[in-house]
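In the two complexes that follow, subunit A is the common piece, with subunit B as its partner first and subunit C second.
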Partner chain A sequence: MELSPKVEFLGLSFDVPVMIGTVFTAIVVLLLTVLATRNPKMRPGGLQNLVEMLLDFVRGILNISFDSKTAEKYLGFALTLFLFIFIANQLGVMLMVTTEVHHPIPSLGITGDDLEESHAAVWFKSPTADLNVTVVMAVAISLFAHFMGIFRDAKGYFSHYMQPNPLMFPIHLVDEIAKPTTHALRLWANIFAGEVLITIMITYGNPLTTGAPLLVWLGYSLFVGTIQAYVFTVLASVYIAQKTVQDH
Partner chain B sequence: MELSLGTMLFQLVTFIILMLLVSKFALRPMLGVLKQRQDYIDKQISTAEENRKEAEKMAEKQKEALNEARREAKEILERAKAQKDREAEEIIKEARERAERMLQDAKSEIASEKEKALKELRDEVGHLTVLLASKVMEKELDSKDQSKLVDRYLERVGELQ
Partner chain C sequence: MTTIAAALMIAFAAIAGGIGNSVVFSKYLEGIARQPEARGTLFGQMFIGIGLVEAVPIISVAFGILVLLGVFGG
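Moving on to the complex of A and B:
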């Protein structure tokens, strides 16, 4: 496994490739959406068409679990989430930057022990292939959903845990914990596994034997990245809707 | 791979900032233009519908007007035909009356002329008789001369007749 450079700041540790990837993805998403809508026209063309299509697509996702009026409120969230994860997923497939490290670099969190394991330090990869990213996204969405549920109807929110009888409380608890966990792990595992396989095929394989499978796998990874972005967005909207919409 | 709070916070903050920026600078103008387009399409469709209704009404009106015109033309034609018939009849009747009158006039003229001739004749005969009588009285004529005289007068009457 490659090494991941880290920096310490205010007593917290920051993962450098994740920061680079996240900022890069955010800039791409922002450029794409802002350029497409910088001069919106009544007759769409080019990039505007693409973003309008995406908007319709995201609206379709939200309409699965919300009524159309509530769906409009979450449009910005869902559009950003889908685009962010979609582009983040493709980053590692398109481009991965690693460097050779021969000496320990304490300022980047690379110690002698780490060098025993590997000499490759990764600088650029999919942020969604890092567990931190998917966990924080899933947990934030889950917490948001719970807070919204309490804020909207506290009595209904808590009584839900006792339905159909108090004996079900532990099962509800497991359910609520399992939701963000699976939400995070599903995305992370799919993208991480894709990148691991790409790395293995490039570094350990002979191009004659792994060249063709690599091409197939790259194509498949693009597909998986798209599907996982869709799934993550759908689940996010479903989890929020479960807590905020009365009859579910 | 261990979880680190710093990376998580960085990711969360980046995402939230991105979400706010996208919502403010991309989504809002996009939704605005979508709304505008929706309104425009709505307006266009309702205008088109109105226009179609108007056109239908107009066509109906025109059809009615055409029917009206056709009916009027027929009426006029019929009236003209009736008038023509009436006039022809009148002319014939007048002609016939005139002919009758002329015939009547001719007949009455003939009758009056005949009457006049007869009256003249009678007057003449009377006159002659008086003349004859005076002549007889004037001259005492012998019977031979008298018969000769009567014959002569009778001859003259025959010529006159």
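Moving on to the complex of A and C:
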């Protein structure tokens, strides 16, 4: 496998390709939305058309679990989430930035032992192929849902754990822990497995044997990236709706 | 030993994913055979279902790869 540069800060180890990937994805999302909405026209064309389609698509996702008035409140959040994950997934498939390393660089965490394994250092990775990024997103959504539930109706929120009887409390607790865990693992595992397979086919394969499977897998990765961005956004809105919508 | 462990994880994930996806897809086909006009709605719902079902095997595959790379279980 390629080496991935790391920096130590306050005793924590930060993965450089993931940080570059996160910032790059955020810039792409920002440019896309800002450029599309700077000069809105009554008859949309080009980029504005695309973003309006995306907006309607995300509105459709939110309408699954919210009424249309509440859906408008979460529209910005859900659109940001969807665009970030979608673009991050696709960039990971399309971009591969590697450089050659021949000397140990201690400040980037590349030691002599690592260099015996590989000489390629990777500088861009899909942020969603890193477990830390997806766990942060899933836990933040889960915490947001819980806080919204408590603010909205604290009594109803806590009594929900005792429904239909107090014996169910442990099961509710496991459910609340399992939700963010699977939410994060689902996105990460799909993108990570895809990227590792692409890397293996490029590194160890040759065009005759792995060329055709690589092409098929690249196409399938684009599809998986879209589906997972969709599923992540749907589940985020469902988890928030479970805690905030009263009549269920 | 780690190689065998990783191979087993990925192989069982493939079996489980195949069975799970086939159940979702066959129910979708049954649904549109019974009610062809529901195709549009069922299509989106099916892909959510496949995305959810696919998750558990793919988590196993990802951990299998991590075992193979020696991240843990060495």
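Before moving on, here are some points about what is shown:
Methods note: the second predicted complex is superposed on the first by the 227 of 248 C-alpha atoms of A that agree within 3 Å, B and C clash if a C-alpha of one lies under 4 Å from a C-alpha of the other, contacts with A are read in each partner's own complex, and residues count from 1 in each chain.
Methods note: a residue touches a chain if its C-beta (ideal position, glycine included) is under 8 Å from a C-beta of that chain, and two chains touch if they have at least 3 such contacts.
Keep in mind that this is a model prediction, so the values were computed, not measured.
Annotation for the three-chain superposition on subunit A: subunit B and subunit C fit side by side. Contacts of A:D130 after superposition: subunit B is touched, whereas subunit C is not reached. For subunit A, the partner touching the most residues, choosing from subunit B and subunit C, is B.
By the touch criterion stated above, A:L12 is placed in contact with subunit B alone, subunit C being left untouched. Contact with neither subunit B nor subunit C is seen for A:L215 once the two complexes are overlaid on the shared chain.
Of the two partner chains placed around the shared chain by superposition, subunit C is the only one that A:N190 touches, whereas subunit B remains out of contact. Once the two complexes are laid over each other on the shared chain, residue contacts for A:M94 go to neither subunit B nor subunit C. In the superposition on chain A, A:L50 contacts neither subunit B nor subunit C.
Applying the stated contact rule after C-alpha superposition, one finds that A:I171 touches neither subunit B nor subunit C. The least CA distance from subunit B to subunit C in the superposed model is 7 Å.
Residues of subunit A that lie in the contact sets of both subunit B and subunit C are absent, per the superposition on chain A.
Here subunit A touches subunit C in the complex through residues 1, 182, 185-186, 188-190, 192-193, 196, 227-228, 230-231, 234, going by the rule given at the top.
Listed in rising order, the residues of subunit A touching subunit B in the complex are 4, 6, 9, 12-15, 18-19, 22-23, 26, 29-30, 33-34, 36-38, 40-42, 48, 51-52, 55, 75-77, 79-81, 83-84, 127, 130-133, 135-137, 140. Listing the residues of subunit B that touch subunit A in their complex gives 1, 3-12, 14-15, 17-19, 21-23, 25-27, 29-34, 36-37, 40.
The part of subunit C that touches subunit A in the complex is made up of residues 47-48, 50-52, 54-55, 58-59, 61-63, 65, 69.
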